[in-house]
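There are structures below to look over.
Two complexes come next, and they have one chain in common, subunit A, joined by subunit B in the first and subunit C in the second.
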Partner chain A sequence: MMKQAKISPIQMALLMNPAIAATVLLLVPSITAKQAEQDSWISPIWASVIGFFVVFIAYQLNKLFPEESIIEYSEYILGKFLGKLISAAFLFFYLHITGIIVREYGEFVSATSLFNTPMTVIIGSMVLVCSFAVLGGPEVIGRVSEIIVPVVMLLYIIIFILLIKDLEVKNMFPIMEKGIKPSLMGSIVPQSWFSEFILISFFLPFVKDKKKGMKWGMISVCSVMILMVLTNIMNLFLFGKLTASLTYPVMVAARYISIADFLEHLESIVMAIWIAGTFIKITVFYFILSLGIAQWLKLSDYRPIVLPIGFLILLQGLWSAGDLQELSHYLATTGAVYILSFQVPIPVILLLIATIRNKIQQGKGNKQNEAPVNH
Partner chain B sequence: MKPRSIIKSSGLCLLIFNIMLLSGCWDRQELNDLALIMAAGFDIKSDHKIELSVLVFIPKGGGSQQGMDVSGEIGGGEQTLVRSAEGVTIADAMSKLQEILPRKIFWGHTDVFIFNEDLAKKGVSKQVDFIMRHPQLRERGQIFVSKQKAKDILKLISPLERDLSEVLRELGEHKIGLSVTTKELSEMLIGDSKDYALPWIKILPAESSKNPKQTIAYITGTTIFKQDKMVGKIDDSLKRGLLWLRNEIRLAVVTIKPPNTDGYISLNLYNAKSELTPEIKNGKWKIVLHAESSSDIVQNTTNLDVSNPVIVKKLEHYLQEEIEKRIELSRNRVQKKMKADVFGFAEAFHRKYPEIWNREKDDWNEIFPKVEVTYDIKTKIRRQGLTS
Partner chain C sequence: MLNTERPDTAAASLLEGNVVILTDGTPFVLIAPTTFYSLLQSPEDYYEGYLIGTLIRWLRYAFLLVALLLPSGYVAILTYHQEMIPTNLLISVARSREQIPFPALVEALIMESTFEALREAGIRLPKNIGSAVSIVGALVIGQAAVSAGIVSAPMVMVVAITGIASFLIPRYNAAITLRILRFPIMFLAGTLGLVGIMLALLTIIIHMCTLRSFGVPYLQPLAPIRNSELKDTIIRAPWWSLKKRPHWTGDYNKFRQSNGQKPSPGKGNE
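Right, the complex of A and B next:
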C-alpha cells in the first residue's frame, strides 16, 4: 500500500525535526529548568541518547523488514494475535499522544492570543488543515517540511541574535553545583520527546535511499538536540532562575526583544514558528495514525479513514486534559514515563525477538540445505 | 461530466463562503475600541485597598493643528487622561476601572509602573505578580518608586515628550540612574538574597510662571528593599556608587579637584565595566571590585598642563581615588546601615563557592554586613579634548 510514494532521506530528517522539536520549544524549557536549574542546557544532551538509540533500533528493524512498518512486522515477529494486540495498543497510544499535541497547540494559542475563541474551533481548524496534508501522502508532507523547516529555523535564529545584547553569561554558573543528578532528572521529560523518534520506523519504508536513512536519522536527532540546547541556553542567560516560573519562556523572551526602540513586540514570530512547526508535528502524527490503522485493518488505502480519524483526534484533544495546569503537570510527571514506556521497550523487544528468530531460522535453513547434498 | 463539475464547483464555492462566515470573530479587537494604557501607578488607599491609576493614550485626529494655531503650544490639558479606581488587588481595581472607561483596557503598550513610597514600604512582590502573569503586559516595563502620589505624577503634563510614560522610559534608558525592568525585578525577587533596589522618582518643581502641572518626574535616587520591605533610600550623590557595584554604569561625568590647585578637572567616563570577584579565606568573606573605564577630559579649570603625560598619570590616580571614594560611600550606607544585598554579592559567592554557599546561606544576613570589600580600579585618560 502506498509503496510507490518515495521521499528522500533529507526530507525525512527535515520532517522529523519539527515532529519532535515543535512542542519542546515552548513547554519543556520551563519543565527542565525546574529540575536542572542552571544546568538545564546539559539535560537535552543526556536526553538525546534515547533519540540516537531509538533511531538505531528503528533502522535495524527496517533492515530486517525493509518494506513494512512497525504495525505490520510486529505480526510477523510476535504472531498474529500478540502482534495485533501490541500494534492496537501502539495505535491507541498514538491517538492519545496526538490528542495531547493538538491540545498543547490549542492551549498556547488560547492563552496568548485567542482568549474567547472556543477550543473546538482552534483545534478543529488545525486538524482540518493537517488532514489535507495527510491526504496528500508522505511525499507532500516531505515537501511541505522542506519548505517550512528552513524558514522556521531562520526565524528562530533571528530571535536568538536579537536577544544577544540582553544575555548574561554568568547565569550559567556554578556548572553542576549539585553534581550530575539535577541535569539527569531534568532530562527525563525531554527523553520522552526524543523517544518519539521511533516514528522514523513508519517513514523508513518510504525512503528512497535506505542506506542513508540511518545517517540522516542521526542528523535529525542531532539537530533537535542542538536546538534544545540553544533554547535552554537562551532562556538561562536571559532569565536565570526565573525560567522555571514562566509558562512559555521562549514567548516571553521574544517579547523582551527591544532594539533601538522600534524593533519590538516580536511575539508574533514565535507564534509563526510555533504554528508552522506544530502543523508539521500534527501532520506527521496524524499520518502515522491513519497509515497504522489502515495497515492494522489491512485496508488497501488509508485515505478514506483520514477524516474520521481527524474527528477522533479533535475529540481526544478536547478530552485529554481539563486545563493547562493539568496538561503540563501530566507531561512533567506520569506523561514522561508513559510515553517512554511505549516507545522504547516495545521496539527493543521486537528487535530482540526478530533477531533471535532469524538466527534460529537461518540455522534450520542451513541444515535443510545441507541435507540434500549429503544424499 | 459537465453538470458534475458545476455541482462540484458550486459546492466548493459554498464551502469557501462558509469559511468566510466562520473566520474567528470571537477575539476581534478593533483599535478604536481599545484604551491603550501607557503607564500605571499604584497608591495605597487604606489598609487593604490599592488605588490603580492609569495613563490612557488619547488618539488625536487633526486636533493638534488647531491647537498650534490658537496658542502656539502643542497639546495642553487634553493630552493626557488619567483615571483611577480602587480594589483589594490590581486586577480587582482594573475591573472597577473598566466600568468608567468606555474602551477596553489594553496593557500591551505599558512601559512604566510607578509605586508610591507608602505602598512600596509594604513590598512590591505581590503587585509584580500581576504584571508577570497578565498575558498582555510585557516584561520590559520599567518600575519606579515615587515620593509623591503615583496618581499625581501621572497627571503631569510633560513639556517635551508626548506624555509621562515616555519621559520616564527615556530617562530610565539613559542609565544615569538605576533602571529596573519587570523581568530584572522578578529575578531579584527569587535571587539568593531576595533584596532589591528600585529607582526613586520625584516631581521636578515647575517654572514659577507656568502651570504647576507642566513639569516632569525624574530619577533622583534609589530605594533599597530588604526581604521585600523598603528599608531606606540613597540620594543622587550616592546612587552612582551603587551603579558601579552593579556593573550598570554607562554614562557619567566625574569632577575631581587635584590637590595643590584651586580649580577642577571634569572627565567624561565611557566604556565602564565592573566585576565582583568573591574570595573566602579562613572563614573570611571578601569581595574584590574590579572596575575599568576610559575617560576624556572635558573641562579643565586648573593651571595644570594636561598634555603632559606625567600629569595625566597623576590625574588618573586622583580619578581612581575619587571613584573609589564614591563607591565606598554608597557601599557603606547600603551594606552597613541598611544591611541589604542589592549588589549581587550573594549570587557572586554562590557562583564561585557553591558548597560553602549551600552550607551557610541561612546565615547570609549575618555574614553580609561583615563582607570585606576591596577595590581594584583602573582608569585610563585617553584624550584631552580639542585644546591642550
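Right, the complex of A and C next:
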C-alpha cells in the first residue's frame, strides 16, 4: 500500500527545497549576521557542504536498501533492539523539531497579522490543513509542491528585484576582514538546517528514477544554498550591520518596497510566500513522522495515525517554547548542536556499519562460493 | 467528465485522443478524461491567432483567481490588513464605509448571496421578464442599497467584478464550483484574514492534487509537470507546433498531425 505511490526526482527536489528553506528565509539572515557580520553571505556556502554530505550518505544508504527508509534499515544494520532504540530517538527528535517549526509559524503569524488570535487556533488550523496533504500520501505532497514552489520562488525573486533600488553594495566590504573564521562560525546554524536533508532518505524509496535521485538531491541542496546566499546578500545590502538586530529581516525588507506610491507594504506577500513554504515544510516533517512511526510499529498503513500525531504536533508546538525570544535563542545556540548531532552522526554510523557488514558478508559469500572449487 | 454541446469541441477532443460518449436523447456528449485545464479552455481560443488566444487565456486564468478570491481578499484586507491599501484609497474606502452598520464580512455575504439569487432567478425566467429582473436587480443592488447606507459603494464594485469574472469561465460546472467555494473562503477571510485565504487555497490545491479522472491526474500537465504539454495550457501555442497528443491519451498513436506544418516562404525552385 505505502510502497505503490511514486514521485519523480524533480518532485522530490522541489519538495525538499521549501522543507529546508522555508523557515530559513526568515530567521537565518539575522542569526548568521550576528556571527559573520558582513561575511554572512559566505556562511550558507560553507553550510551547504554538510547538505551535500548528508544527501550523499542518504543516497549511499538507499543504494544498499532501495525500498526501506532509515527507520527500517537501522534495524537490519544494528539489530533489533539497538535499531528500535535509535529509530525511536530519531522519531522523538522529529516530533520535537516539527513542534518547533509549527511554533515558528505560529509566532510569525501572530506577530505580523493576527495579534489577538490564540496560538492554538493559528497552529491548529495549519496542522489540520497539513494533515489533509499527509493523508493524501507522497504523490499528493509531491504534486502540491510542484504547484506551490515555482510560484513561491517567482514571488520571492520579484521582491528581490523590487528591492534593487535600495541596495547598497558597499555594505559587503571589506570581504573576509577578520579571515575566514566569522563566516564559518555563522555557518553553524545554517548547517543544522542543511543537515535536515537527511529527510531525503525517507523520500528516496518513493522515487521512480533512483539514479537521478542523487543528482536532483544535489540540485535541491544547491538551490537552497543559492536562495540563502541571495537572502543574506539582500539583507546585508539593505541593512548592513543592522540585520543582526532584526527578528524578521526579510519582512522588514519587504516594507521598504515603494514603487510609484502604489506598490507599498508588500509584507503581506512575504507572509503569503512564507505560509505556503512552511506549509510544505510542516507537511514533509509531518509525513515523515507518521510514516516513521508506522514503520517503527510495523503498521500496514500510516493513515490511521495521522490525526493523532497531528494532535501531538500541536501540543509540541505549544510547549516547545515560551515565546519567540526563547525560541530564537534556542535555535541559535543549543538547537544547532542538537539538530546536527541527530542528523549527521547517526546516518554516518549507520552507513559505516552497513558497509563493513556488507564487506564481511561478501567476504564470507566469496569464501563459500570458492569452497567447492577448492575441494 | 466534461460535457459539451459543440461539435468542434468534441472533434478536437477526439483528435487529442480522448473518449467521447454519445447518448440517445440528449444534445450533450460526454468527454473523458477531464483535466482542470480542459475546463478552462474554450474552443474560441483555437479560432484566433495564437497570440490572441494566449492573451485571452491568460485573462481567463487571472479572472479565475479574481472570481474566487476578490470578495474574500477585500474582506480580509479591510478587516485585518488595512496597511496594505495606499493611504488615499484607504481614506476614500473608509469614507464610503462610514455609515455602514455591518462589518465587511456580513456586507460581503449579503451582497454575494443577493447576486447569486438574482442570477438564478434570471436563468429561470423567460427572456423578456429576465431583463426586467436584471434591471430591478441592478437598481436595487447598485443604487438603492448604497444610497440607503446598507452597503458601501466599493463593495458593490467588488461584487460586480466578481460576477463578471465568474462569467469568464467557459464551463458551467467549473464556474459553479467557484461560486460555491467563494463563500467558505469569505468566512475564513473574515475570521483569519489573509492567513485564512492562504489556508483555503492550500486546501483547494491539495484536494485538486488528490483527484484523478479515469487515472489521469486532474492537474496534469502542471503537476506532475510535462514540459512538452505546457505549451497548450499556459500559452496557446500555434497550431503547427501542437504535433503530439497529450501523453495520457496518446500512447496508442502519438502524433495528431504530420511534421512540417509551420508556414514558411516557399523555396526558390518551388
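One rule holds for everything that comes next: the second predicted complex is superposed on the first by the 372 of 375 C-alpha atoms of A that agree within 3 Å, B and C clash if a C-alpha of one lies under 4 Å from a C-alpha of the other, contacts with A are read in each partner's own complex, and residues count from 1 in each chain.
Here, contacts are C-beta pairs under 8 Å (C-beta built on N, C-alpha and C of every residue); 3 or more make two chains touch, one makes a residue touch a chain.
Keep in mind it's a predicted model, so treat the numbers as computed, not measured.
In the superposed model, A:10 makes contact with subunit C only, not with subunit B. In the superposition on chain A, contact is made by A:140 with subunit C only, not with subunit B.
Of the two partner chains, subunit B and subunit C are each touched by A:113. Of the two partner chains placed around the shared chain by superposition, neither subunit B nor subunit C is touched by A:322.
Contacts of A:279 after superposition: subunit C is touched, whereas subunit B is not reached. Touched residues of subunit A were counted for both subunit B and subunit C, and C has more of them. Subunit A residues in contact with subunit B (one complex) as well as with subunit C (other complex) are 113-114, 117, 121, 265. Against subunit B, in their complex, subunit A makes its touches with residues 111-118, 121, 170, 173-174, 177-178, 239-242, 245, 252, 255-256, 258, 265. Interface residues of subunit B, counted against subunit A in their complex, comprise 22, 24, 26-27, 108, 135, 138-140, 183, 186-187, 190-191, 347, 350-352, 354, 358. Residues 80-81, 83-84, 86, 192-196, 198-199, 202-203, 205-207, 209-210, 217, 219, 222-225 of subunit C are the ones touching subunit A in the complex. Touching subunit C in their complex are the following residues of subunit A: 8, 10-11, 109, 113-114, 117, 121-122, 125-126, 129, 132-133, 136, 139-140, 142-144, 146-148, 261-262, 264-265, 268, 271-272, 275-276, 279.
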